[in-house]
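For reference, the structure discussed in these notes is given below.
Letters A, B, C, D and E name the chains as they come in the text, with residue numbers starting at 1 for each one.
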Amino acid sequence: MAAPLLEVRNLRAGYGPTEVLHGLSFAIEEGTITALLGANGAGKTTTLRAICNMVRTSGEVLFDGQRIDGKSTEDIVRLGVAHVPDGRGTFTDLTTEENLRLGAYARRNHRDLAEDYERMYRLFPILAERRHQQAGTLSGGQQQMLAVARALMLRPRLLLLDEPSFGLAPMVVKEIFEVMRDINRTQKVTILLVEQNAAMALKLADQAHLLETGSILMSGSGKDLMNDDAVRRAYLGY
Amino acid sequence: MDAFLHQVFAGLATGGIYASLALALVMIHNATRLVNFAQGEMAMFATYLCWTMIQAGWPYWGAFFATVVLSFVLGVAIERILIRPVERAPVLTTVVVFIGLLLILNSVAGWIYTYTIKSFPSPFPSKAPFGLTIVSAHELGAIGVTLVVLMMVYLFFRFTPLGLAMRAAAQNPDSSRLVGIRVGWMLALGWGLAAATGATAGMMIAPIVFLDPNMMTGVLLYAFAAALMGGIDSPGGAVVGGFIVGVLENIVGAYLIGTELKLTVALVLIVGVLVVRPAGLFGRVIVQRV
Amino acid sequence: MLQERSAVRNGGGDAPLLSVHGLCVRFRGITALDGVSFDVRRGQIAGLIGPNGAGKTTLFNCLSRLYGYSEGRITFDGRPMEDVPRHKVAGMGIGRTFQNLALFASMTVLDNIKVGRHPRTRKGFLASALRLPGVAEEEADSTRRASELVRFLGLEEVAQQRVAELPFGTRKRVELGRALASEPSLLLLDEPAAGLNHEEVGSLGSLIKAIRDQYHLTVLLVEHHMGLVMSVSDHVVALNFGRKISEGTPAQVRKDPEVVQAYLGTES
Amino acid sequence: QKRYDPGASDTEIKIGQTMPYSGPASAYGTIGKVEAAYFKMLNESGGINGRKINFISLDDGYSPPKAVEMVRRLVEQDEVLFTVNTLGTPSNSAIHRYMNQKKVPHLFLATGASKWNDPKNFPWTMGFNPNYQSEGKLYAQHILATRPNAKIAVLYQNDDYGKDYLKGFMDGLGAKAQAMVVKSATYEVTDPTVDSQIVTLQSSGADTFFNITTPKFAAQAIRKVADVGWKPVHYLNQVSASVGSVLKPAGLDKSVGLISMQYIKDPSDPKWASDKAMQDYLAFMKKYLPDLDPMDGNNTYGLAVAQLTAQVLRQCGDNLTRENVMKQAASIRNFQIPMALPGVLAHTSPDDFAPFQTMQLVRFDGNTWVAFGEPMAVK
Amino acid sequence: MEAATPVDLPPVAPAQASGGVRGWSRGWLLGAILVVAAACVLPFVVSNYRVFQLTMVLIYAIALLGLNILTGYNGQVSLGHGAFYAIGAYVTAILMDKFGVPYWMCIPAAGAVCLLAGFLFGLPALRLEGVYLALATFALGVALPQLLKYKHLEEWTGGVQGIILMKPEPPIASILGLKLNADRWLFLFTLAITVVMFVIAWNLLRGRVGRALIAIRDHPIAAATMGVDTAMYKSLAFGVSAMFTGVAGALGAVVVAFVAPDSFTIFLSITLVVGMVVGGLASITGAFWGALFIQFVPNLADQVSKAAPWALYGAAMIVFMYVMPTGISGALRLAWLRLQRRTGRGSPAA
């Protein structure tokens, strides 16, 4: 069996003097979807940030067998890691289209670029309509769509999603999950998903980890977690 | 009427000076979101470098392009060495570093080159074309060079991915890293390009105002006003702003209030324009929403 | 703390607390609101739903006077809002939270909430500078009330921490506290459940009801979390493309085919 | 017998100074450097009357409050015997009263304002520069004598320096002043160019131009006047009459016919090539200040001041009280400063504190300044 | 503002602990009293020239505090505060010289005039933000000296010659057996006013008004929504800030006993900005550190090199900013926190 696409060993991370992650270890096989669940403040966002080296970290992160901890964020992204960040990271002063263009900035392969724009615009027609609108004036949900579209423009190998459904209308949430399933299946994009909509996330995920105050409390397949009582009470509500 | 035209042309000529430095300010602003107070002194220093080369016997254009390249390198070096340590500090901290840089460059130039004014050669013929006396050939040439630089800056920001990445890096470094932009190098590149633009400005200005360590102190103020009048993010605006400021100042001085308060009145008018159009004449209005 | 005041207010009979009539907002070619009308009665929790970009936040921004509107009328507590400057809105009794958080990043939790007391306090520059009589009392009162809210919202542990360091959910609670500190009679909540997990959403629902009951206020709730909206709302308004497409009880709206088609999607 | 006040002893004489080594006027800082180097040279050759000169020159950044601070340091902490050649009208105005209250000689101020010659009210203050007002008056007299119907345009720097010249000039023209001066324009030191002003002045139809500017602007004005094809009789104040640092950059061909005054030798003028004082000066600069530009008029000026100061100290002999310093400064008898033009003598008396009596009218011939007429009395 | 993270907009002020002014703790109060007491003794133990320098430090501290209220706390950048310093100085000089008003009455008068001037300037400035506001204030700083020279005002301002004042003599010859002279007296007088001004600033910034000012800086839209009359507060902040700086200018005029346009060039404004940032933005004690910096560092630079004193001054600025990006008071605060943490009294977060 091939090495996992992403492997995290004893990852610690924090802000200033405070340590937030206390040694996480997990691995993600290529072509799978992994969900990360956890309460508010558990450290999910920090985990994604730590993978991209956006916060102070120690421990090992391997991407495709290569150590990437210590590499700069931009170099990690250039390896094909797209990140939909917490808070969307919109380039508020630029237009919608410029935001998308930036999504493709680090892309190696510029073939099919035009086609990808079209694909995004098909996926989120409102963005096409608002091509030239200053992105900062889009509605919250529209910006969330933009953030997802921007990440997809990279044609990543690994997609890190920090609450992709944040602030989206129920119908769009469904669509986004469809898209994730779709790119995972057809383009073999590996996905690490942080999501509060646990029911949908677990249904989609091959693997899931439950995070609590900076440590992994439980891991298993999506189904396993869905059947766990504690998870059901806290995250699924039935 | 003749005198009026004459004033307008003199204003356009000095306006060209302001415009050329204003372009450098726009460049650095788009690349870093900061207004570099040391921009004028950097241009002055570059001009001295060119002067040194010419003294050493280099041909004008050789020295010119060597200076542009050298300035680019120095600009990059300044960003990497001086600005980088305060990259994440509050804006005003960086501003103080700029002021420090300004003082250092001004003072060191005075020390090395002394304060006596030096004449700086112009690449353009000494006789104006068509027997004009209103503007000199150099002034026309300088305006031409400014327009060429404007074209390049405009095309760069408008059409190249690098230009877009640079603007993105300036306004949202964290997100920029997440799309793979090497933010550090973008800033350095911005400094390099701004320094090169500034050096061009300096070499076009020096034949007009003479070369001395303080040659840019006055120009910087007007360039600052011009860039803001046009809209600090707009290269075209900076150039138009430069011409407006140049002409406005002359008209105010010659016909409205006399030369004693012309700067004051010109500044009041500029601030007045900004109060009506807070993003400048051609600047993009950025809406903040919640 | 609001009891006396709300008693008086309730004396106003059954007139709606908030009445929006024919509201239109346009931004260069984009019509964000297009003739929206609805009423919110006192003591209600009213839900406002609609697809992304339907104009929900825009409506809030009109109520806060952050956006101007070209047509229409907003009446609050019987008073037209057209000529109210934005900083007077809080004093009139409209408090709000923001969809994407708008906290004062460098301040502590407690100070953020104390800023919420601003419209309920008076002492200005001169009085503060000279510490005229009453300043200390007013400040102590603000501190007391803010601390009360800190306790009510369970923020004691982080009260002295800067909000920039807090996790998202906690920050949302700080915003809620800040809004409550101004003793509003109408509370506007913009997607309070976003980013919360199921359990947290559940407790948020109870919290909203508790706030309504304890502080006697009226709530206008924008939310995409249907479970929450449907469980706490007395009344729901649905928007699409700036137009009202449905209005009624949660059950009615949920079944409205237009809402299902535009917003909820088939099933659910 | 030996008598000393603070700052003087058997071995040392302490002299203080403030100079704008930093700030907008740092171009003048070179004056202080030349003076320091000159005193150093004197010390190396044994000092004055066996005493070494301890020259303390401090930076005031051309800011009056800073000048006050620095002068107080010199007087109260360093305890200098006297100060010399403190620069700038505003800075000197700020310390004027203080120096007189403290009764510390405030000698040879580097400014040409007329108020320094007021022995009655300010017996401890003495200027150096030929007074700008008097110089302005002389140009006026020359115009009245040669072209009584001239239409005059004036360009001046909008500060005390420019206004002093202008006042003397207007006084000199007397009753006809308002009629003769058809246009005047000002500039600020921060202005990038004076092109617009020249255009304004030209369009007034004037046939005579009085150019009251500092070197950089003088050069700009001379060039612009030529470029726009204006051909007035062009008077240039002596402050900017340096061939090397003004006329050369402006273009020697464009400077032909300029009229000015001189009192100090211009090192770029070939006629001094074999002059002893000039050779000494160039050797001195080469040895002590190789980084500075010997053609800079400020440097010759600095040397002249230092030479006159040394003369006063020689006159003092062993009586180094402040009172005697002042007394000796007020009794310079027709002293020929080596760097001053031949015939331009320094002369003071107890009721006349302006050292320079005479200046020479000169005209530029494309190569050098050529004297014409007799040296004129400046007072 | 859509940006939820504070990273998106580079803050004018350091994010660290600039979020408010704490009330007094007893230790603070005691410390402040001790410092003031020590300062009272100071003029009797150092030379008059040092007394003069220290008086200037106090004056600069008041000016910096004023600028900090506007820029540090309220987030409005002013590159032209020297103008208000000048107005304060000229009001004093004109009142003393032309009307014979005693110097101590001129100080409040100058403060009042500057309060009004600042408020009025603050009104159009409301429309401007960031670099645009910086330009407007810069323009003010550049234009004012020229206005002071203007020929039609010359009758009042003395034109380029300025106004020479009499230095006030002490009202009593000695105090508690310590002999007074003009310098010592002026130091004590300035010290008293400094204490008053600092107490005023402290009072203003620690309560409702201070919170509102910081709220406007951190998030103007939210501040307005919370009921803060942002326009009024910003203009008043301008006015109060100008008042502080004007009082400093007035004291400066009395102490230096001379005013002229050249005393108040744009370089003064720039110096004030430098002092504020080096001292520490949004910090009350920072004003003192900044004042010490701008008073003494140029002198040190001059001691080291006549050739290029500015180069050394500039280098000092850069070094300070590297070592202490949030200013001296920011660095002290960090050091203090670290010390607390080490001694185990840290916050629960640690």
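Rule of thumb we're sticking to: a contact is a pair of C-beta atoms (placed from the backbone, for glycine too) under 8 Å apart; a residue touches a chain by one contact, two chains touch by 3 or more.
Predicted model only: the values in this text are computed from it and were never measured.
In terms of the stated touch criterion, the partners common to subunit B and subunit D are E, listed by label. Chain pair with the larger contact count among C-E and A-C is C-E, by C-beta pairs in contact. Separating the CA-averaged centres of subunit A and subunit B is a span of 43 Å. One finds 38 Å separating the Cα centroids of subunit D and subunit E. One finds 74 Å separating the Cα centroids of subunit A and subunit D. Spacing of subunit C relative to subunit D, judged by their CA centroids, is 74 angstrom.
Shared interface positions of subunit D, defined as residues touching 2 or more other chains, are 22, 24, 26, 29, 158, 188, 190. Residue numbers of subunit B whose C-beta contacts span two or more other chains: 103, 107, 110-111, 171-172, 174, 221, 260, 263, 288-290. Residue positions of subunit E touching 2 or more other chains, listed in rising order: 1-5, 8, 11, 13, 142, 146, 149, 221-222, 309-310, 313, 349.
On the subunit A side of its complex with subunit C, the touching residues are 15, 18, 37, 39-41, 45, 86-87, 126, 130, 133, 137-142, 144-145, 163, 166-174, 196, 198, 233-237. Across the complex, subunit B meets subunit A through its residues 161, 164-165, 167-168, 171-172, 174-183, 284, 286-289. Residues 64, 66, 85-91, 96, 98, 100-108, 111, 114-119, 121, 123-125, 128-131, 135, 138-139, 142, 157, 160-162, 164-165, 168, 178, 182 of subunit C touch subunit E in their complex.
Across the complex, subunit B is touched by residues 22, 24, 26-27, 29-30, 158, 185-193, 195-197, 199-200, 202-203, 215-216, 219-220, 227-229, 244-246, 248-251, 291-293, 295-296 of subunit D.
Partner subunit B is touched in their complex by these residues of subunit C: 57, 61, 66, 98-100, 102.
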